[in-house]
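Note that chain A is present in both complexes that follow, paired respectively with chain B and with chain C.
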Partner chain A sequence: MSHDRARTDGPVPALELRGVSKRYGPVVACDAVDLTVQRGEVHGLLGENGAGKSTLMKVLMGLVHADAGEIHRDGARVQVHTPLEAAELGLGMVHQHFSLIEPLTVWENVALGEPGRIDREAICADVEAVGARYGLAIDPTATVERLSAGERQRVEVIKALRRDPKVLILDEPTSVLTIAESAALFEVLRTAVAAEGRGVILISHKLAEITAATDVVSVLRRGRLAFHCRTADTSAPELARQMVGRDVSLRSEGAALGLVVTDDPAKHLTPVLAGGLDAVPAEPPAPEAPADVPGTAALALHGLCVAGPDGRTLLDSLDLEVATGEIVALYGVEGNGQATLGDLLSGLMAPDAGEVRVDGRPVSLDRPGALHEAGVGVIPEDRHRSGVVLDMSVADNLVMTDLRRFSGRLLMRRAQIRAQAEELVERFAIRTPSIDAPLRTLSGGNQQRVVLARELSAEPTVLVAAQPTHGLDVGAIEDMYARLREAAASGVAVLLISTELEEVMALASRIAVISSGRITGILDVADASPQRLGMLVGGEAA
Partner chain B sequence: MSTPAPAPARRPLASYVVGRSGLRRPGPDAWRTAGITVLCVLVAMGLAALLVTISGGSPVEVVDALFTGSVSDTAGWSQTLVNAAPLLLVALGACIANRAGVFNIGQEGQLLIGAMVGCFVALRLQGPGWIVVTVALVAAAFGGGAWSGISAAMYYTRGTNVVVSTLLLTFIAAQVVQFAVNSPSLLQESGMGSGPARPQSDAVPEYLRLASFGQYPDLTIGVGVIVAVVATVVLAVLLARSRWGFRLNMLGLNPMAARHAGIRASRLGGSALVLSGAFAGLAGGVILLGTVFRLQPAISNNFGWDGLLVALVARSRPGLALPVAVLFGALRSGSSYLAATGVPDYLVDVVQALLVLAFVVPPVLSALWARRIRNRAPVADTPARPSAAAPAKEEVPV
Partner chain C sequence: MWLDDGGTVLASALRLTAPLAFAACGEYLAERAGTLNISVEGMMLSGAFGAVAVGSATGSPTVGLFAGAVVGLLVALVHANLSHRIQINTFVVGLVINTLVLGLTSFLLQTMEFSRTQVGMLRIPGLAEIPLLGVLFEQRWPFYLLLLVVPLTWFLVNRTRWGLELRAVGENPQAADVSGIKVNVRRRQALMWCGLMSGLGGAFLSVGLVGSFNSNMTAGRGFIVIAAVIFGAWRLKGTLLGCFLFGAADALRLALPSLGVELNPQLLVAAPYLLALAVMVLMAKSQREPRALSKPFERGLV
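This part shows the complex of A and B:
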């Protein structure tokens, strides 16, 4: 499809990929993908996890070698073997995960990797000049570890722009940004594109960003270019359909794809950023007390304080209550204390102050496993870190938190474990060759189901789900949403820790916003709008 | 950017030592590893033969001598088993610590301390033979356990690296034993008539020595061998089937998940470290009461180091440690026959080291190879046909 694009007469594109293919063993990551980026154009690249976006960009940056296909820069065929060659060709990339060295200063990070003599003054001046030109103010002598996530992102962008790229690639640039910061970033991109004729590739899995910030959009699905269009000529639901390859149901899938369900019946799906930030309410929303919770809260966090090893405050007297059968979302930008809270509720660390009550009873947080025994199930943010043991079998992973139930005085009861595993595999539709297969051999979605199955099989009072859909594809996300709702409906208090606005809007009945380790406000979902949440996320209502 | 983990982040090294598929049935990875292992052993043999040739011997003669001295007759077998028993005991302890992800490499010192404590009890305690022997062996185990317990305490209270502390404590142990056998008030032998007392203890009386079954030149099997074999079977079953074994594996493979599951690393990991020291100490007791009969500074004779190597080669599996210990024991007993071939007997140490490398390196090579295959999969030049397009990820939506 759309091969005609390559043939049409027009300006020589800044960058053109023709028939790029890359396989990993039997898996085709990219299948004859064509992509054209014109000067002065923001090109959105959309696709689910595993659709081939990252592989395509790695090919472009010389990190991975394509099996077939050509790359053209300004009409001339080029070979990109290493990232250095890519830089010489005028390709710059801002990676999803920051590649900054925290103890170094901003200018040192910017200079990192450049050949030749390092001139401190010149680089500092450069950083300031680039910052001034694009509105990315930053102190070049500041140490990176003292910067906020948004500021770090700025450093990354400055680092890329200083090398004067003709094509700038941004991979999921907003995952650590507040809505306001995202909007500011897109402004910068606009300047770089319109005034200076650069090409930009914006990679995202969020429809809202793509529709708001791009001129042209390409959709990858299972390694193939599924759709290509001017952004103005398409709509978010259409893009969603192209991304998944079928019609998308309104609620859960919409959320999985970055659409917020609004009350407007005419327009079921509204991209969050479409309206920009013009509609910000005049007065900041007042934080509401977690009052009218019927009965005792199933999970109550009181005054939790945690300081990091470097003395930085990670959690700042955090209070939160979750009632039985309720889904409460803890929403915020990555790196504002969610990971710490997740670790704390997984029993991996004890707070400096504060207490956790389950069903009104305080839990001793010093003792490993105490939270689990008290009835707190956890789907951890990084399942490989604390959720599973990859080298043990599916069956072992399904019972590992409840060993007492599955063992006698000394020996494990293998038969009982197998029976339990068979049942959970069946009930939670876990796709595995056998219950004896090492967990490592399962796909991400199925590993996540193993965690969910294990935690729910203990019949918890509280389920903490931290970023439960990270890295999953739409089908698995949908399934996870259904399971979480089911759990809440059966009386489990669910605490959803998420950075995805659409996810919290779709699932939660109340949304607590976390910023710098503090709850800046709690809203009922009916009162919550992207704008109000955005302000709380920025800590404005504090 | 995620918040840094407050707990000291420990990589599950156990996954390397135990092996990726170490706890499971062999998969394709295991077959590849096995193939590479065979190759590596062949290379090691080749290198060993080359070394023998360079040092003026004949590889055939050397093999013949090693064979004659170790397994060609019952007397050779007897000696091989005598050597294998302490190696196996040390290896069992190492298996426990490795499974828990704490790497004790100080068995040599723990063995020395065990032998010293055992000697003290055997020489000082009065009573019926079998009781004194039992108490002496238990005391030896306690001694070794206490010595590694120092490392455990330092690690779980102050975070002192276990590898470093167990290693350095070995040298302290050697000094402690030196001191003991040079102090008349402690363990130095009571001067019998003329001549200065030597730096060693009195001999353990006849009736306290470990019994053995069978008479030279028939096969003789000492109590030490029996103890080691029984311990192997018990430990193999416990590691594979017990709750303790399950928790130990969890702790070694993913300490974070283990903590989430309610495992207290300081208790389980610390006790594993103490237990591994206890096995080394027991090995010291067995050497003392089974073969040497008196405490000498050289009593450990590298049994601690070699036992650790046995565990490495056996990938921390007791069932495999048994044959490996016998092999290493055979190399030891065979090496005493090397003198006749004109080849220095320390060449056996080199051969042993080459063998260990041949067994330890393959899993790493295999992993590297697998990664290479993943990164540069051979692919046809033409773009894949649409119908052949597989899902981009193994994930299958429901």
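This part shows the complex of A and C:
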């Protein structure tokens, strides 16, 4: 492969992608992407949702087959048809979601996806050996569903490292981790890279993480490689500009990208993560419509307890109040009870104990629709699962929660529905070909606007927004922020459930931190710093 | 006196349990891989028919017995490819197969002539003399195949890599997929085992217990098998216990008139199914159901 060597001026890269393209029907997910990963180097891959990062990695792992392009391992061209072949070529991946099977034990999960006989003793010993080498202690016989998010991540990392990969790919590895857990993970990575000479691809949309933990960075934008540079030679604002494709200066936009924090969260991790972050200067959070009457809260949660089907505590006597015109954020790492609270406030489940009051009046949670009638609007966490019906029209989706208003005893009042839909499409600037178009044809941001428009059109007292910007692009995030502020200013009590530090800092006037189903502290945004929040997230009092 | 009656009822219960137990080994494995296979009924019925047809044609009920298993496997091949290759809803496929097998076997029964064909008894001397439990050691010989099939099924599911992958596929196909397991291949393979075992169960019913085939002779035993898997909360031991419970209810139904208890015969016929219904209501809250049971898997954009 001497001619390959001649092409590059450095040593033969551990992994090289040349002109990899993949399209799904008319959608181009990856467009002639080149990527080079050297041994002993952390390569950051940055991009918005839908920029093609995941598709590119699926091509590498043999889960998706590229339409064009070549993959080279140590200078030799290779074909990757299955994950098994990828593993044999020394490619290992830590997946963001969907890779552990909860009812199985740790060692069974680690053994999955390999050929040959299974030797329980040998695998358990391996798990312990790898754990000891990298400081990732775990009981190989534990059942995965009993483990915390951080421990599950450990299992994923052990599973990948046990196969001794030459190139390790991590897809958004810190999205479910606390700051301390993230720091520990990067420590492990540093060992794998510096001491053992592996190459690492770190996929992230968090700028702070990329600038602090990588040696080289590539930015993907709409399937194309937009930018490539040594991390030391670039800056966070430059990367943000490359990621979005234009200058980023607005405060909410910066927050959406993880730029605007009063302090750099990475600095508090470990020296490993310490890196410069010349963020756009943060404007002090404007005092959004101060809570006018703190007397009766618009939304009051008292002593909410929920136990899961397996007896685990999901919510542990949770207390929280949101006043009229106020945005209160519930911040925490994914999987600490936020989803349960969201389901509860959507009326999908009843608590084992505790009560919910809206405007001071208790709401009977056993009756479906009671919360909606009491004036609670919800933007659900997963809009495809519980927010909208993708194959129904925009108009139908816009009136769905309030059909009684739009129907007679037997028949729907079509004209009234259409009038309402036209008005909402206009008012919320929903970009759709027509109100009869199936919702599926709209972009994610516009689908989310449909949900927001529907919930606000019912003139709620309380709006619960669970991860309202998940999966949206920067423009749509900015719009969502503006509309949530507007809603609060018009007197709605907004409860924002979010896992994004920058988002809660940018929007909320008070931040409540949830950890293992408990509120571990409530801070005014002026007193909140990433360190204090980080400690609360980890379950310690600040 | 009651000991004799007890022995008779127990013997009958064991005989009636065996076809269920064979099929249950298959259904248990298929469900652990995520297929709630309702065509187990059609697999049993076609196995019963195939066994008698081949047994009578070759003159060897033993050849017939294994032919029955193969016929069950062929039905499974059809089901597996329709539901886990071209992704037709598994219940629609199952309904069609059950109806088709019932109609086809009834039709063939009318147009063909079969001679009587039945496998021999195997009596284990000494042990068969034990009061009450002696019936265990005096059965048609394929009954003892259970001693092979049951541990083998357990071993396959719980000790082999193949079984680990089956369980993974039944719990979380997306995760199994990214780990490099061919989800739909595993599900098709699990159905093959189910077809083989159900065919054997049906064949045991016809060439083992009865010696001939009659129209709809499984009479919903396949559905009883599904109930037994639910009763056993997707564990093999519990599933087999469920099979015995239903077998015993069936035996009791047959024995009651001769014991002098008078009951409406229609009600008696319905009794095992009523029991199945009650069991399913009781076990509905069980948390051990494979999480991806009857959820089809297609690799998507996600």
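By our rule, the second predicted complex is superposed on the first by the 499 of 542 C-alpha atoms of A that agree within 3 Å, B and C clash if a C-alpha of one lies under 4 Å from a C-alpha of the other, contacts with A are read in each partner's own complex, and residues count from 1 in each chain.
The rule we apply is simple: a residue touches a chain if its C-beta (ideal position, glycine included) is under 8 Å from a C-beta of that chain, and two chains touch if they have at least 3 such contacts.
What you see is a predicted model; the values in this text were computed from it and never measured.
Aligning the two structures on chain A places chain B and chain C next to each other without any clash. By the touch criterion defined above, A:L63 lies against chain C but remains apart from chain B after alignment on the C-alpha atoms of chain A.
Using the contact criterion defined above for the overlaid structures, shared-chain residue A:A419 touches neither chain B nor chain C, since it reaches no partner. Judged by the touch definition given at the top, the superposed model places A:Y24 against both chain B and chain C. In the superposition on chain A, A:G116 contacts chain C only, with no contact to chain B. Between the C-alpha centres of chain B and chain C, as viewed from that of chain A, the superposed structures give an angle of 40°, to the nearest 10.
In the superposition on chain A, A:P83 makes contact with chain C only, not with chain B. With both complexes placed on chain A, chain A has more residues touched by B than by the other of chain B and chain C.
Contacts of A:I101 after superposition: chain C is touched, whereas chain B is not reached.
In the superposed model, A:P309 lies in contact with both chain B and chain C. The minimum CA-CA separation between chain B and chain C in the overlaid arrangement is 5 Å, rounded to the whole angstrom.
Common to the chain B and chain C contact sets on chain A are residues 24, 98, 309.
Within the complex formed with chain C, the residues of chain A that make contact are 24, 61-63, 82-84, 86-87, 93, 95, 98-104, 108, 111-118, 309-310. Residue ranges of chain C in contact with chain A, taken from their complex: 159-161, 164-165, 167-168, 171-172, 174-181, 287, 291, 299, 301. Within the complex formed with chain A, the residues of chain B that make contact are 1-7, 15, 18, 20-25, 27, 238, 241-244, 246-247, 249-250, 253-254, 256-265, 373-377, 379, 381-384, 386, 388-398.
Here chain A touches chain B in the complex through residues 19, 21, 23-29, 31-32, 49-52, 64-65, 67-69, 98, 149, 152, 176, 222-224, 306, 308-309, 314, 334-335, 337-340, 343, 346-349, 367-370, 372-373, 378, 380-382, 385-393, 396, 400-401, 403-404, 407, 410-412, 414, 429, 431, 436, 438, 440, 443-446, 472-476, 478-479, going by the rule given at the top.
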